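Think of it as A, B, C, D, E and F in the order they're written, each chain with its own count starting at 1.
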Amino acid sequence: MSQELFVTNNVWMMVSIFLVFVMHLGFATLESGLARSKNTVNVLFKNSMIPAIGLITYALWGFSMMYPGESFAGGFFGFSNFGIPLPEGGETSAYNEGYTFWTDFLFQGMFAATAATIVSGAVAERIKLSAFIIFSILFVGLCYPIVGMWKWGGGFLNTLSIPFYDFAGSTLVHSVGGWGALAGIMLLGSRIGKYVDGKIKPIPGHSIPLATIGVFILWLGWFGFNGGSVLSADPGAVSRVLVMTSLAAAAGAIGGCLFSLIMFKASDITMVLNGILAGLVGITAGADQMGVTDSIIIGLVAGALVVLAVAFFDRIRIDDPVGALSVHLVCGIWGTLAVGIFGALAGIDQLISQLIGIGAIGVFSFVFAFAVWYVLKLTIGIRVSAREEIEGLDIHEHKMHAYPDFNGTGFEMSLDEKEMMIASNSRNHKEKEKPVVAE
Amino acid sequence: MSQELFVTNNVWMMVSIFLVFVMHLGFATLESGLARSKNTVNVLFKNSMIPAIGLITYALWGFSMMYPGESFAGGFFGFSNFGIPLPEGGETSAYNEGYTFWTDFLFQGMFAATAATIVSGAVAERIKLSAFIIFSILFVGLCYPIVGMWKWGGGFLNTLSIPFYDFAGSTLVHSVGGWGALAGIMLLGSRIGKYVDGKIKPIPGHSIPLATIGVFILWLGWFGFNGGSVLSADPGAVSRVLVMTSLAAAAGAIGGCLFSLIMFKASDITMVLNGILAGLVGITAGADQMGVTDSIIIGLVAGALVVLAVAFFDRIRIDDPVGALSVHLVCGIWGTLAVGIFGALAGIDQLISQLIGIGAIGVFSFVFAFAVWYVLKLTIGIRVSAREEIEGLDIHEHKMHAYPDFNGTGFEMSLDEKEMMIASNSRNHKEKEKPVVAE
Amino acid sequence: MSQELFVTNNVWMMVSIFLVFVMHLGFATLESGLARSKNTVNVLFKNSMIPAIGLITYALWGFSMMYPGESFAGGFFGFSNFGIPLPEGGETSAYNEGYTFWTDFLFQGMFAATAATIVSGAVAERIKLSAFIIFSILFVGLCYPIVGMWKWGGGFLNTLSIPFYDFAGSTLVHSVGGWGALAGIMLLGSRIGKYVDGKIKPIPGHSIPLATIGVFILWLGWFGFNGGSVLSADPGAVSRVLVMTSLAAAAGAIGGCLFSLIMFKASDITMVLNGILAGLVGITAGADQMGVTDSIIIGLVAGALVVLAVAFFDRIRIDDPVGALSVHLVCGIWGTLAVGIFGALAGIDQLISQLIGIGAIGVFSFVFAFAVWYVLKLTIGIRVSAREEIEGLDIHEHKMHAYPDFNGTGFEMSLDEKEMMIASNSRNHKEKEKPVVAE
Amino acid sequence: MKKIEAIIRTSKFEDVYEALTEIGIAFMTTYDVKGFGLEHSSSQVYRGATYNVGFIPRTKIEMTVTEDHVDEVVETILKVANTGKVGDGKIFIMDVEAVIRIRTGDVDELAL
Amino acid sequence: MKKIEAIIRTSKFEDVYEALTEIGIAFMTTYDVKGFGLEHSSSQVYRGATYNVGFIPRTKIEMTVTEDHVDEVVETILKVANTGKVGDGKIFIMDVEAVIRIRTGDVDELAL
Amino acid sequence: MKKIEAIIRTSKFEDVYEALTEIGIAFMTTYDVKGFGLEHSSSQVYRGATYNVGFIPRTKIEMTVTEDHVDEVVETILKVANTGKVGDGKIFIMDVEAVIRIRTGDVDELAL
């Protein structure tokens, strides 16, 4: 390969790094927009710390745990060394024709933190900050690289006779995050005031503009998430991936829009936004294997799925403020299965491999996350007190308000009142203390 | 051409895609910032659906209507096939030395939706959602590709003895959107409370930060809009285009600032923001033909023009909440004419060609848009009821508020009160029903 | 060098331009988020004008003053010509193997405005608009290019026996801005109500989401600020710089978080955000000379330093609303010194050169800025009246509110009340009129 | 002196304000309140679930006037704020014992 | 007729609202106020400095009722809004001389 | 017991609050109101057109005190809230028939 191509490939991969990086901004704005103003600082704090934690743990050990290299990779666990020492020739095409060692690390490192970010939104508005930070370190630092290695690091999922296929991480990133979120929600319970007397009480997010900004930025970031996963600037492959990614996102928007119009008789923008993300997550596993029609169908189905899933999780009282489970877990699974149904790899054998991958990774991630959350719950506790929750995490965990000029104290808003009253009813206190899973 | 150059060109074009994509975020934030908080969800909803609609219609038929290829292109209308089947060699430099087929589609597809976005802002705060969506589909799906073909698809404007010149779309994109907006505003009438007793009553946008974010993002996006229109990574041409684009934007800011200071005795940030966009629209037609001085003059004039145009449209009671006409229509025309006045192509013959292009495209776009709006007005109606308008489109079209924590209902704000009172005066009800154009 | 490499290098540099450009959006959102809502339009106005002013002055004379070329460069001052005439071969690799003339100009031009932006935040909420605009023109148009030439333009700092080293501008950009800010604050005095009866009264910023968006965008922009400063797409060098930049930012976040937790017993998100910026400023001088451990240490120290510096400046009554001094001046110095302490250039001789550079540039910038501010103070005045300050610069300087729907007048908020009362106490009026420096 | 408190439709505020100004009432104080009464707010939808905030935003006007103005003020409000639909609001009249103008220290009628 | 003004914990509002509805009080007007009293707000930290906004956000409920309802309303509020901790708030009762329903012009008892 | 309602300049609130605290008034309730009076708001400009929101934001203070405190409170407000310029606001005094402390059920003087 010519040096020229190597340089160009590396430029492309660096651009992809930037795009994946801005996804953290996308998550920060989306999640804070869909939370209440009294918890905004808290959400933003978590989302600001996650990339920092992700990059540092990935530098300290995560990268070499996820990509230990052939000699150190096992089927289920591998590890080469602590830190990120530059390998010989790491800055040249000898390392890889698509990128330098540093580019590789940074691209993967930016991915790593994404899984924790997904959890962040799902457990928002009642999680204890310290517990979340500890969980994030362990989840990004251990769970993500371990299961990542199974496929991308050359582990057992990659060596199945028909290898499990997950192009950019519908399962390895999004579902992993989704499982972590599910475990967290189950042990945390729902927000005070969300389910009262068997009825679902919506808790609207405080800023639709913030949420919309978040989704646009995430779509932008996905160009790097998927486009960069080609791992070179190969014109045909990358541009095809970009087109399929965009079409799935567009179809997701339309699916979410139409389906929520039919089901809820409302043009709910949060469903359009979730639909876009659903389409993006859905196409991620097979973005390089799909054609135009496949991508549009995958996106449309994802857009519809996300609407159903939001309603479903609400019905079973899994309280997910931002719809992270519906987007990342449900559509992550859907996208991974889609590889066996549509596109170049479609086939029953591939579908079975996909199921194996989904199952193996799902079980491990869920159990890992559940165990961590559970231990945290028994030790430092994972949920803030009812009073902190009612008055807002911002003032209690951060002694600060996100918008001090607009509401001097952050808890004098109509909706909050509603829950505060709810909180004071005994029936409700019980509810709060009865998470989905018996302990 | 070497494969290396092809790969690099394609990377550049993909970066341009990303930049044009973020323009949709720019428009979403700009337009929602300049609308009132009670219509914020509505504006964002439209702006989230537009790229989805644009991409899907463009994939279904628009792309092959705009770029039907030599064999199918007529002077005024061409069409090759439905869908976007990959042509032979479409992923290699055989397709084009600058980009793959997929890159081509996506770059053009991102452009396509822009025209509808321009309309979105101009008709904001009183347009019926369903009518707007239908209009957008027809406008992006038919009007834009048809007139686009006239020049960029090889139609009659390109085969004039001295071809009409429009580098990146001052006319083909911005004016087209502007004409669609003008037709819409004429049939819609002004917002309740905007013109009362012969006086102009300002209706301030609800968030200057959102609007400012929008303009910065649009400037960023314009680097791809203009820079990508070189259609390759040619270092001299692209970097020159970027410099001229930036200088025009900067000069537009200064022009808008000074001119509004002189005319209105106020440092009006919305005029600086509109000035930046005016400069950008102004340079778009000739960004590759201008020198440094040309660009600065074009930008300064555009910045001044936009201030005059805002005042002018207000005087003739064309109510454009975001200044879309002033920016995109007026400066789109100015920029297109400027190609005949400044820079490498300057000359009376070129100026005539420019006028022909402006006229032909203007007439077609305006008539097309007017006809669509008119039929919609007669059938499903294009304007929400006075009550919906007063209480806000968010709560009526979307049953939701953009900022539920800050104003529980979205219509308890001082300004709204003003209009509600105004709306209750009979003189005003009449006004609302008297649009500019007699029906 | 092959044409292919040249084209790729130029693409990379153009991407860097875009990234440095978005830093202006980052500063605009960060600074407006950390100011009060009654001054939001003012902050955004300044930050919208700065890039315009920066680019135009840089085009008129700044570029040729900073990079006069060998024949015109003196030790302390150089100047080749007005304007930016394209040199022969300026669009080819004959100009430079990494970029065209135009790319060079635009990349440097985007840098130029940064220094003024730093000042903007520090003097926010009480500076007179006209004074700030004049200062900016002089600061960006004269001070920045003059000291820039000393090092990057080939001046005396570059010809020391062991040349002063400042890779991407910890000193040349960030400290310069910081010194300008310090001079401004000293002559302006603190905001009314900030220091009362010897006690520090916090004046919280009005929107943490805006501030957070700003910091993420700045981090993104820094990839171009540092990555582009390699001045080519060299894969090893650029990707290494990106990794070190990111690790320092991440470590800065952690440093700021931990240190503010220890010192203030609060998880203060503004300290995490400042910590990220501190890490970024800290690594900027030596981003290409550092290893992984160096970068993490530099970032951690910067994160801690910024917390200490914020407290320190408050104690000595230097009122800096956004922490610009702590981030850009203090960590700019720290980063520049770090080149002599860590990494490839570490050594006592280098450290001395670093001190010479810091000192020379510091003295010049501070004196220049102080003189300009002082003359402005004596002539048109630099501070708004107490009434304007209390009621907000938005309504007085711009006759406008940033959020008219949320507080009809912009000065009916609790915090403002506090200061208004404070302002009415005579003891305080005195304080306001007693800036740090005797006049 | 009497204090007149009127709770009216927010949409009627400017009409009422202008009408009161016309009959010579130069002073008043207003603020936004939440009204619970016979008229109910329209329901909202968020992510598939419906809910209702329960109250209607209304404007409260307070003005203290001399006895002889009371009837005229009440009549004016009745005329202008009336739409005939449920939710028009109410007027309450209370006795005020003393009024003092802060600027001058004037009391009672002089202060109005 | 009497005007009852209750300043209560914002967190107790919905309880009080429901309890009053149950005893037949269909009309009330509420708004957010800042309360200064024995209970104090918790301190905030910003960039290393601590401060205190001083007040507690509270909800004020106003309703005008006929004399015979006053006791019942007061008892209901006392029962429901009470937590026993400092900061529960107070009830004030004042005389109202006249009430007029804007929609119909009904006066006094008829208007309630 | 008397209810004292003072409408003052928002900028004077903290002065008034401190002065009242000094004379032993521990309880008060405040909220933001819009004042229409002799002083007018400054005009705004948006995209070339000028407009005026009409009102001035003011702060309303309410406190119920025993008769013997009324004069002292009024004097204090007069002293501290006065700037001598149009717009200083007014004080209104009304009779309160009963006060009940929600926490304890204490009534009247005991509840203040």
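We take it that a contact is a pair of C-beta atoms (placed from the backbone, for glycine too) under 8 Å apart; a residue touches a chain by one contact, two chains touch by 3 or more.
All figures in this text were calculated on a predicted structure; none of them were measured in a lab.
Listing every chain that touches chain B and chain C alike gives A, F.
More contacting C-beta pairs link the chains of A-E than the other of the two pairs A-D and A-E.
Its interface matching that of C-E in over half of the contact pairs by residue number, A-D stands out among A-D, B-D or A-E.
Chain B and chain E, compared by their mean Cα positions, are separated by 51 Å.
If each chain is reduced to the centroid of its CA atoms, chain C and chain F end up 45 Å from each other. One finds 18 Å separating the Cα centroids of chain D and chain E.
In chain C, the residues touching two or more other chains are 2, 4, 8, 11, 15, 204, 207, 213, 266, 268, 398-401, 403, 406, 408, 414.
The multi-chain contact residues of chain F, meaning those touching 2 or more other chains, are 31-32, 34, 44-46, 53, 55, 94-95.
The list of touching chain pairs reads A-B, A-C, A-D, A-E, B-C, B-D, B-F, C-E, C-F, D-E, D-F, E-F.
By the touch criterion given at the top, residues 3, 17, 26-31, 64, 94-103, 105, 111 of chain D touch chain F in their complex.
Those residues of chain B whose C-beta lies close enough to touch chain D in the complex are 390, 395, 398-401, 408-409, 411-412, 416-418, 420-425.
Those residues of chain C whose C-beta lies close enough to touch chain E in the complex are 200-204, 260, 263-266, 268, 270-271, 307, 310-311, 314, 323, 414.
On the side of chain D, the complex with chain B involves touching residues 9-15, 32, 34, 41-46, 53, 55-57, 59.
For chain A in complex with chain C, the residues that touch the partner chain are 2-4, 6-8, 10-11, 14-15, 17-18, 21-22, 24-25, 28-29, 32, 40-41, 44-45, 47-49, 51-56, 59, 83-84, 90-93, 99-103, 105-106, 109, 129, 207, 210, 213, 397-406, 408.
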